[in-house]
Structures are given as structure tokens and as C-alpha cells.
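Scrolling down, you'll hit the structures one after another.
What follows is subunit A paired twice: with subunit B in the first complex and subunit C in the second.
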Partner chain A sequence: MAKTVTDVICPFCGTLCDDLEVQVSDDGTKILEVYNACAIGAEKFLHSQAKDRITRPRMQQEDGSYKEVSYDEAVEYTAQMLAKAKKPLMYGWSSTSCEAQSVGHEIAEAVGGVVDNTATVCHGSSLIAIQDVGIPSCTLGEVKNRADLVVFWGCNPSHAHPRHLSRYSIFPRGFFTGKGHKGRKMIVVDPRNTDTMKMADVGLQLEQGRDYELLSALRVAFRGEDLPDVVAGIPKERIYEAAEMMKNARFGVIFFGMGVTQSLGKNHNIDIAIMVTKDLNEFTKFSIIAMRGHYNVTGSGAVLGWQFGFPFATDLSRGFARYNPGETTSNDLLRRDECDAVFVLGSDPGAHFPISSVRKIAHLPSVAVDPHITPTTEISKLHVPVAFVGIEVGGCCYRMDNVPIESRKVVEPPEGMMTDTDFLARVRDRVVELKAQAPVGTQSTAEAQGA
Partner chain B sequence: MAEYLIKNGFVFDPVTGVKGDKKDVAIRDGKIVDSVSSSAKVYDAAGKTVMAGAVEVHAHVAGPKVNEGRNYRPEDKLFGTRVRDSKDTRMTGGFSIPTTFKTGYSYAKMGYTVVMEAAMPPLYARHVHEEMRDTPIIDQGAFPVFGNNWFVLEYLKNNEVENTAAYIAWLLRASKGYAVKVVNPGGTEAWAWGLNCLSVNDPVPYFDITPAQIVKGLIEANEYLGLPHSIHIHANNLGNPGNFQTTLDTFKLAEGYKTNNKFGREQTMHHTHVQFHSYGGDNWGNFESKADAIMDYVNANPNLTIDTGNVTLDETTTMTADGPFEHHLTELNHLKWANVDVELETAAGIVPYVYSPDIKVCAIQWAIGLELALLAKDPMRCFITTDHPNAGPFTRYPRIMKWLMSKESRDERLNTFKHADKVISSTLLAGLDREITFYELAQMTRAGPAKALGLAGTYGGLAPGMDADVVVYDINPEGPFTGEDIERAFTDASLVFKTGTLVVENGRVINNGNKRTLWVDAKVNENAQVMRDVEEKFLKYYSVSLKNYEVQGHHYIPNPYAIEVDATSEV
Partner chain C sequence: MADAIRLNLISGRTIQQGVAMEGGKEKPAYTEACGIIEIDPADFKKLGAYRNTNVLVTSEHGSVVVKAIEATQGPHPGLAYIPMGPWANAVVDPNTYGMGMPTFKGTPIQVSIATNEPVLSSVALVQKLVKE
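On to the complex of A and B.
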């Protein structure tokens, strides 16, 4: 016998599908089957069932081997490390729940840490662009119900967000889009001939790193002004054609990804993509949406926002929140040797940061909280395995369009395993004890300046 | 048993009719009581002003658009960033869109103990509740928006009031919402296609209904349910010269309806931030105040309550579910524009705005907001707001109080505008001598809003049995005092008790209080059709599943305060 849990949220990518069905053994300990998920989503559920999973914290020894320690010891080590540090980097937060993020922020506030999330190497440039020029956007359900033109720019959802096309953007039939994909035009802009590009009505395979120019050319084309014969490797006729399609859409949307956020131009690419969208609202209705990667990186930005006012790279070391990308961003802090301890939860900088930064982490006191063994846990002094959020414990997660969805617990974690929220709460309580004697912050500079 | 006695203050309480008499206020176990034992802790309020905790009827303080405002305006943190008051409080930051901690602390320091979040997109209800959870001290509720909701448009197109009511009850429960908010009825749905509805008779594209039908239908459904609050409306045509006519047209939609509720509420319509809706002229050149026409109507029609939406002359961040308005605004001031259209429900836009005293229109807006309050014959029906942060941050309330309570202070401001002559000739303010009294202030900020929200038995007064939200301000109402004294006293209260707990002492937060989340649990007869419609819409049109829609759980609402309404009937 088995039971089926319905309406399960997939804790993998920012698409945050919430229609999974998971078949669970009667005693609620084993996942037998996962329905409706894409391959990468299903893999995450099934992987949690691995027989050789680490279920207790491990300390790295001098010789590089590991010794199992208790959660009590792990809490003590982590709290001591954070309480002693002058400016610990507390990085990750994108693959965990908003409750865990919130407790993490309490710790960061108590110890004067820097809280940064994976946007720092991903859509941070988009967040900066939004701070420059705003963002006209919509929920994914609006796309499903209304969009007749969809642009994918520098992203390849067929691989990175596999169910995006079927759930929201291309295939679904919505209220005003009863014809499904037959009623939608699809433009794809990418230097590579991706699988998404192959599906496009109009594929613009531009020269690498020329996104800004092409976006700029579109703005010229909207205004009916002259273009050079070729821009970014695309003949002007095709640019005019794409511009006309966009202007004539009833409801259009641009989805963009890492191809534009982390290539030459970075935030400037997003700036102008947003201005393209704004221009189009002179003619019709247009939105733009970032294809956020981790399932709750958006939530991390949200919680940081309401608690401190900034979406990433938030430095609390002076007793008030500061944000200055390039200075308070993880890699810049590591490169300048500005942090003296590293705490990672809900991300894998060991795999995603430049090797120079990874080396720095390896030389610092470090704790990695992660259900898996990852490149980060391998270089950290302490690895604390925890239950999987969205599988073994619930919690709030924000989809790429900022829609919050409560993830579900479908099975019990292995006997005696902590959740990240529980672990963080214990670290927080211990840190508060350790800090009890320390003086509270003095007057802020803002106050000193008479603000 | 926790007992407190606040002795010898000048008490202003419209609920008990006390107008500045020297009286003691007694608190026991979180409630106001007649008297306490001799072991009560005594606070001396001699020479000071004592009022109930203030009640905020309309502010945008939690949720997706507020947070987008914070995150996309790092520059707003340049000022007003603070280290912690004490080990028990949190860091704070932001000016026009403060962090949640700052929001809670700043309201509490001014003596506000209840704050209503004015626009909750139901699909984002979890976000609103997470922020309210992280807003310390103050009790809060949130108004889900209904005026552009597809269920409502479809039911009301066919005049199906009972189905609308059943859907409202369902959505209040699903979103843990407090009241029926209506923003630019029909216009925001039109905005999904880049269009708008500028009058009460403009048809809503595709849905074959007008704003007038939406508003009337929602009033009927609201009264059918007998909700604590009336519908809470932001009419069509906000912010445009000549819009006072649309506002009057909207007011008139409420004529002929009777209230039906057990909460003592008397109005059938609350119109919010009326300042933005009281404009004459037909362009920015001949833009002028129509506060007199608006207030003549309000004064003559007791079925209406309003709040002012006072311009504070600051740099701020505008944000509203009136999506087309924000687009219009970014075209005017060319500052950064954020917008979110929300499937089946609503939209929201955000644009920073600088209300400069050197710009004639801004100064006229400032005057209009004050005129509304000064022309109000019944202070129990006109409440002070800034539509925070739209006309200015709520932290400026003490300054508005100064302008309302001191003719000298407001004349000083009026006469020193760059375009003072033009401002004076386009407004009535120079001719208004009234100074709002302490008692009237208590009506406009305490008893009035509490009554309009259907909360008169709990908040906004000092009668025995009510919640012990009590504030002591360091100002002697018998004078002498200047406008500056008023502003200073109302910025940092001497003492604030929230449900009987001392949370602010001498302008410093000393306790995070015992915050509650208010929501309305309305019971209706089972309605199979509405439930079928709900299931169908989620299956076909929403991007989340029905089972993942309802806000539930301790981490969203750790301390709920559900107000029950029974609208079931014999069949």
C-alpha cells in the first residue's frame, strides 16, 4: 500500500511547480514515485532517498578525513565561530525556506555578519538594473491567460526551467488564450542555437556579448528610426520584423536569464531590456520577468528586503544595514580578505564561485549546512546535514514572479535529523548567550550626520 | 495580575466623552478597568495628554509592492537608518518605505497601536502576512482587493449579490483578510490591456460591466454579510485635474443603502485618501482645490466616512493597485516605474515622487489635504492619513497634526511656498481659521477610525472593558504650546501601553509587545456554485493550485484575532 500526496511543490527551480504528486510508503518514510515533475525535479525527490546519505554532522580533521559529531557539538562550533568572527559571511539562502532565512538574519544581526544570496553570481545584476530603472512585470498566470507574444532572451528554459513552457509561457490555454501555443508567437534571442531557439517563430542568434546593442536597436526600431544594416550580427530587416511583432502584440512578455545577466554589460543589459519593455507600454501591454534559478532565491531577496531594505549583499557589521554591490558582495569580500569566517546554507559556492574565492573559503573557519555532500561541504571545516526543505519539512518559498507558495512535507527525514530552521534557531540562541555581555551598537553614522 | 494606573493626565476620549478632564486611567490584565488595587504600578501623567492608542485606517506597510519599493530604492535607506534601540529590538532602516521593524516601532512611538494594511493582492497574501508577522507591537489586518477580481466582475455582471458575498467570505478566509478593498474598480482589469476606466460608467473591457455596477454590488454584498468594515474604496480617476466629479459620482453610488452589522458601524462606504480625488480644473495649469464641494457632500451624508491622504511635502514612494495611474505618473515625472499585474485579481504600480514645496501642484495638494480635515463637520467621519507612503510617510503624522492644530504653523508653511500667491488663489486654506482640538484629534485618529472599522468595542477608546492601548504625550493641552511642541510631543510618546504592556517609554521602544493579526471569519450558507466556480478557475486560469492558495499556519499568523460574522440564513 502507498499513499499519494497531491499539490506538492517542487523545491528545485524558480518555476516552483505546485502540482506534483508524490507516492509515499504507508509509514511515511519513503518516496516511491514522483509524478508531474520534470526530470531534474523528480531527481531531487528521489535523491533525498539515497541510502548513503549523511545524517549526522561531520568535522574535517587535520588529515582531511571526517569525524562524525553530534548536532550539539555542531551548534556549539557554529555559534562560537560566528560569535568570535568580526565580519562573518553568511552566504546562500536560496535553497531553503523563508523561515530559515529569517532566523539566519537574526543571527547575522547579532554577530554583525554579511548576508548574501546566490543573486550575487546570478540575477544580482538584474536587481541592480531594477534599482536603476524599475520593472514592469506580471505574474506567470497573467502570461498564461493573456500573452500572445513571448520573448526568451539569454535563457534556455527547455533545460533550466523545463516545465516553464508547458505550465505558464507557451503551451497552456488560458482565459484569453484558448488556442494555447497556436495563439502565441515566440521570439528567442541567444548566441547559441538552443533547444528553446529551435521552437521559436523568430530566432535571433546574435553575436556573443552584443545583447545591449540589439536591445538598443529594438528601441530605435520601435520609433521607426534608421538602423545600420547589421546590428549584433542580425540584419536590420529581422530587427524591424521583431520590433513590429512586439508592438503589435496584445500582451507581450520578455523572460531573461543568465545569458544576459552575467555576460558583457551585465546590469546594463537588463537596464535596457527593461527600457525596451517600458517603451512597448506606449504601444501595448508588455512585461518582463527574470528567470530566477534556485527555487527560493526570490524569497531570500524578499525577506532581506522587508527586514533590512536590500535584496542581497547586505552588510550588518556596523550595526545597521548597508548595501553596496562590488563592496558588500561575497566574492568581493572574499577577494579582499574582509571576512573572517564563512557560513553557507542553501547554496554551493564551492561549485559556483571563482576558484580564487573558493580557496579563500577553504582557508577560513567555515560551516556548510546542506543535505547533500557538495564541493562546498568538502572544503568546510564543519558539514551539517539537514532535512530537505519541500520534501522533509515545509516552509514558504517565492516563485520567480514573487508569488509565495507554502512547500509541503511529504516524508519524514531520517531519524534524528534536524531541519535547517531548527539548527539555525539553536545557533541563534547560543549566539545570543555568547553575545549577552557584549555592548550593543553605538550611534550610527546616519544619526551622527543628523539624519 | 498586572495593574497600572496612569494618574492625573488630561484625558481625551470620545468614547466616554471625556474632553480634557484630569483623570486616572486604570489597566488590569490588558484591559481598561474602573479601578485598580493599591499594588498597581503608578505612572504620573500630570501636565500631559492621555489618549487611547491611535488607529491607522489606511496605510501600505506590508506586502509585495511595499517590498518592491524597499528593494528597488536603496536610496531610501540613506536616511533614517538606525542601530537597535536596545538588545531586544531589531535594526531599522528606510524613510518612505521603512523595514517592517521600523514600521512597527515608528507607529508605536507615535502612539499608534492598530494599523490596517490597505491593499492585499490575495495571491500574495502569504507575503503580506509574513511582513505583518515581522512588524512588531501593532495589531494589524489587511484588506484584500476585490474591485477587479474576475469572480466579482462575473457575478456582479449578472447581479448575483449572494454569490459575490459567498465568494468574499471564501476569499477573506483564504487570504486571512479583514475588509473589502476596491481600487480603481474595473480600471485595473482594463490596465491588463494597457487601458483604464476613468469614470464610473466606463465599461470594463471584455467583462461587460461598469465601475458603478461593481461598487454598488460590492456594497450590497458587504452589507449582506454584515462585515465589520464597509467597502473601502479608492475611486476611478485618481490624481487627475477635474476628478472631483468622478469622486462625487462614486459617493452617490452608496446612496440608498442601509448598513447591516452588529459592530456599531454606521457608514456603507469608506472613501480613502480623498485628497487625491478632490481636484478641479482641467489641466495642471488651472488645477485647483474642490475640497469644498467634496466636503459639502460628505458633511451632508452620514453614510460616508473618509480619510484625508495628506501630502507631507517629502520625497516618497507612490504605490497603488491603481496600475494605470502609476504608469501615467511615470510618464509625468520619468522616475523609475515598477508594475505587477496579478492574475485574475489586481495589479500594482510603484513610482518614486518628490512633493516639492517649490512646485505649485504639490503645494495645492498639500493644502487640499488639510482643507478636507478642516472642513469636516463630523470628526468621527474624517480620519487623518497620508495614504502612506503615497502622499508622504506615516512618520509625518505629527507634522500634519501641527498644521491642523495650529493656524500659525500652517500659514507659515502656506505663505512661504515658492508660488504662494497662486497656491492661495487656487485653494481655500488661507481662509480657514479652524484649529483641530485635542478632542477632535482623538476622534479623527482613534474613536472615528475604530468605529468605521467595526472595532469600536476594542480599540480607540478608554472605556472599561476595552483593550488597554493607552498613550501619554508630553504636552499640556491647556497650553501654552507652539506648533513645534505639538509635532515633537506626538512623534515620541512618553508612554505607550499596548494591550496593557508598556512598549514605549520616553520615545524608546522597550518591548516588542504581543502583536495580533486581525481577520474576518464570515460564515455563509454552503454555496455549491461558488465552490464549483472557484475550483474551475483554479484548474483553468490560476498558476497555483487551489490547495496551495489558502494562507494557513503559525508562521504566517502566530497570533490571530479572528472576528466572526454569521451571515448564514434559514433555507
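On to the complex of A and C.
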């Protein structure tokens, strides 16, 4: 007889669904079936059971092949690499628990590293904009219970956050939204006619990269001023129509994604999207929420925020926290050769950074901590596989609306495998030992200050 | 062979990309999901290529061979789409313009037919490109 674990948290995207049911074998070692999850979430649970899974650390050999090493050797290599480096980049942190992030930050403080999370290639622009102009936001629960107009701008939840529409934004019946999707209007703005746009009441297929113009045009339309005939490829009548819909909503919300954060303009696109939200609060109640990607990228920003005051790209190499996107962000550090070792945990820059940055990682001392084989692990000097957070070990995660949710352990990890928190704690202890042994005046922070 | 055509490249998530990524980036399914470029039928006509032909995508920042398929979420003439992953990142504009974020969307590219060139797997592609 198999047993079923209920209320399981899905560790894939920022929607952080908390209603999964997972059927587990009696001895608690195998996942047999996953219910309620989207295709991606289910695949994540099931792939953790793969027979060809790597369960021990691997060190790159001179010929490029990998040789199995013990966790002890892996801890020693990682600690030595970080302790010797003047300014190591410690990147990732989005696919792990807040507990692990916190231990990682202790290491970064001890070695004078730069801590950066995947927001740097995702919603970093949004975080900068939020610091510039603030953000009128709400939780997904409020969206479910109150929203009667939902705007998806430059995001495609049908593909990237598959259960977002059914759990929170479009389909669910909430306290004041008893008619479900029949009581909600949906506006989608995207340069492609996406699967999300195909469901929309109003779809605005704008010219790629012209989000700023269109957002600006909406602000003009709210004020009833004249617009040019066409803005960003959209006829003005349609802009006025969308503006009226937004003004007449009882409770509206804008969800925005990579279409605005990664296109030219970047943080300025978000600035004006937030100002659109502000304008709308003159007429009705409106909120704006970033569609965060990784399940705990929000948590990484939160933990960094309460520990150091900055949500990403935090440079500790001078012995105090500095933050200067464009300088202390991963891709800028890598492309300018301003870091001398790379530690990656819970992310895959090998696949998701531009190749010019990846090239730099391949030529530096590097450690990748990841349950999967990824392009990053296959160019790093050391790959340390760990248990899956949210499947084989619990831990705190933050949903895209900054709500913390405790993820659950569903099955045991393969025998002898470490969790990332355990691995980081051992590296931290060893780093502290190494730093205590180092002669005075050779500490990395002192050198970095003089540099 | 027809000349190369110029397009504007964006990248992003697809559900196939998500599933294949969680199923293992070293597996063939990931290459099938992400080693592709989605092109509008009008642009296929200009390129003079059949659907599912391998093409060479070149930008100022690099080049990569991917399989050209018809746009799944179109029409979007002039715009090309490679799901996020190492194939897209071989050609995207890495410039952050001083704010940390590479310009993943809106890279001018040229696409030409490369029927006999293979689409490399994610690991093979990255391992090859980092040596260049």
C-alpha cells in the first residue's frame, strides 16, 4: 500500500503551489505519482527518482572527464577555493531554502565574496525600479478574492507559471469574485500572440521593445489627452479602450515578466509600469506584482535584504555590504574579469547566462552545487550533487508575492547524499578554520580594499 | 541557397522547455525543446526553407545551429523566438548597459539555411563554445 502526502509545496516556479499530493512508497523512498501539479512540477518530482542520478561529488580531470570524489574532499576543495580567492562570486540561491541561503551568506562574509541571485538575469530590473519609485502591491490571495481585471504584461503564465491562472489570477472563485473567470477581464500585452493572449479579452500585440512607449501612452489615455494614431504598433483606439477598462475596474492587478525586464529600457520599463499603477489608484484600486521565476528567488532577495539591506548583487569584499548593479552584478563581474572564483548553488548560469559570461566561469576555479547535471556542472571544476529542496528536504521559500511558505520533505534522499544546508555549513566551518590560520595581513578583505 | 534573412530575436520560457529542463538538461528532450528557433511563416518564405530545417543563427555576439520550426504562438513576422537556454544564449546581446541585466530580448540576428550542420546538445554546445 502506498501512502499519500498532502499539501505538498511545488519547488518549481514562483507560484509555489501548495496543494500537491504525492504518492510515496511505504518505506518512504520512492515517489510513485504526483497529483495536482503542472507538467513541469510533476516532472521535477519524478525526475528526482531517476536511476542515472549523480549521488556523489565529481571533480573535473585534466582531460575534461569527471572522477567521483567524497563529500569530505568536496568540502575541502570548496573551502580552499573560497578562502584563497580575493573576490569570489557566489551566485544562484534561487532553488534552495532560506536556511541554506543564510549559511551561504555567512561564508560570503567570511571570505569577502559577492552574493548574487538569479534576479540578476530575471527581475533585477524590477528590484531597481522598486527602489526608485516604490511598489503598490498585494498578495495573490487578494487577487483571487478581489481582482476583476488582470493585466499580463510581457509574461506568458500559460507556459512559465502554468497554474497561476487557475489558482490565483483568472479562474478561481474568491470571496468577492464568485463568478470566477466570467467576472474577470483579462488584458495581455506581448510582442507574440502567446497562448495567454489567446485567452484574453483584449490582446495588445505590441512591437518588441516598445513597452515604455505603450505604458507612457496609457498614462496619457488615463488623463484623456490626445495620442498619436499608432503607438508601439497599437492603434490609439485600442489604447483608449484598454485604458477605460483599467480605470473602470473595481480591483485591478498588473503582472509583469521578462518581456519588460529584459528588453531595452529594463528598469525604466518597470518604473513606468509602476507609475501606471500609481495613476490608476486615482480612479480605482490597482496593484502590480512581478512574476518571479524560481520558486525561492523572492526568498533570496528577502534574506539578503534583512541581512545586508540589498536584494541581490551584494558585494561583501570590502568587509561591509555594497550594492551597485552594473558593477556588482554577476554578468558585469564576469565579463570584466573582476572575480577570481565562482561558486554556484541552485542555479544554472551555464545555460542561462550569455556565453561570454559562461566562458569566464569555465576558466576560473569553480564549484557547482546542483542536484541535476547541467551545462554549469559540466564546465565547473567540481560538481556537488545535493538533495532536492522541497522534495527530499524541507525549508522556507517565498512566493512571488513575498509570502513565506514552508516546503515539505516528501521522500528520503538517496543514501549518503548531503543537503545543501549541511554542505554549506561544513564549508563555512572549514572556511572559518582556514581564515583563522591565515597570517595577519593576508585576508582577502584587506587586499580587496587596497586593490 | 537563399540569402540570410534578418530578424529580431527574443527568448523566453516554454512549457516544453520547463519540462525538458527538469527532466535533465543533458538529455535529448532538452535539445528538442530548446535547440530550436520559432520563425513566422512569412519569414520562412523569405528564407526559402522547409519547416524543420537546421539553420545557422548569427549575431554580433556569436552563432549557433538550431532547428527552424514554425511559430507556435504567432503570427509575429520579423520576430524570431529561441526558448531560453544555451542555444539562445550563444547569440544574445550580453550588454547590461550598466544595470546588471544582459539584453536577452531584442538581439538583431541573421538566419541562413544550414541543412547539414548538426544541432549540438546543451552540454556539448557549452563545452565547445567556452573553448573558443
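As a convention for this text, the second predicted complex is superposed on the first by the 436 of 451 C-alpha atoms of A that agree within 3 Å, B and C clash if a C-alpha of one lies under 4 Å from a C-alpha of the other, contacts with A are read in each partner's own complex, and residues count from 1 in each chain.
As a working rule, a contact is a pair of C-beta atoms (placed from the backbone, for glycine too) under 8 Å apart; a residue touches a chain by one contact, two chains touch by 3 or more.
Computed from a predicted model, the values in this text were never measured in an experiment.
K.L.:
Which partner does A:125 contact after superposing on A: first (subunit B), second (subunit C), both, neither?
P.N.:
Touch partner of A:125: subunit C, not subunit B.
K.L.:
Contact-wise, after the overlay, does A:250 reach subunit B, subunit C, both or neither (first, second, both, neither)?
P.N.:
Only subunit B is touched by A:250; subunit C is not.
K.L.:
Name the contact category of A:403: first (subunit B only), second (subunit C only), both, or neither.
P.N.:
The answer is first: A:403 touches subunit B but not subunit C.
K.L.:
Once the structures are superposed on A, label A:326 by its partner contacts, choosing first (subunit B), second (subunit C), both or neither.
P.N.:
Touch status of A:326: second partner only.
K.L.:
When the two structures are overlaid on chain A, which partner does A:309 contact: first (subunit B), second (subunit C), both, or neither?
P.N.:
First partner only, subunit B.
K.L.:
Could you say whether A:65 touches subunit B, subunit C, both of them, or neither, answering first, second, both or neither?
P.N.:
After superposing on A, A:65 lies clear of both subunit B and subunit C.
K.L.:
Using the superposition on A, tell me which residues of subunit A are in contact with subunit B and, in the other complex, with subunit C.
P.N.:
Shared contact residues on subunit A: none.
K.L.:
Could you pull out which subunit A residues touch subunit C in their complex?
P.N.:
12, 38-40, 43-44, 47, 50, 64, 120-121, 124-125, 128, 156, 158-160, 162, 191-195, 197, 205, 208-209, 258-259, 261-264, 266-267, 293, 313, 325-326, 329-332, 335, 348, 350-359, 361-363, 372-375, 378-379
K.L.:
Where on subunit A does subunit B make contact in their complex?
P.N.:
Residues of subunit A touching subunit B: 6-7, 9, 18-19, 98-99, 102, 109, 127, 130-142, 144-146, 167-168, 173-176, 250-251, 278, 281, 284-285, 287, 301-303, 305-311, 316, 319-321, 323, 395-396, 398, 401-406, 440-444, 446-447, 451.
K.L.:
Can you list the residues on subunit B that touch subunit A in the complex?
P.N.:
My answer: residues 62, 64, 66-68, 70-74, 76-84, 86-87, 90-94, 97, 99-101, 123-124, 126-127, 130-131, 134, 150, 192-194, 206, 327, 330, 335-344, 347, 350-351, 540-545, 547-548, 552-553, 555-556.
K.L.:
Within their complex, state which residues of subunit C touch subunit A.
P.N.:
Within the complex, subunit C touches subunit A at residues 8, 10, 12-15, 17-19, 21-26, 61-62, 71, 73-76, 79, 81, 84-86, 89-90, 92-94, 96-106, 122-123, 125-127, 129-132.
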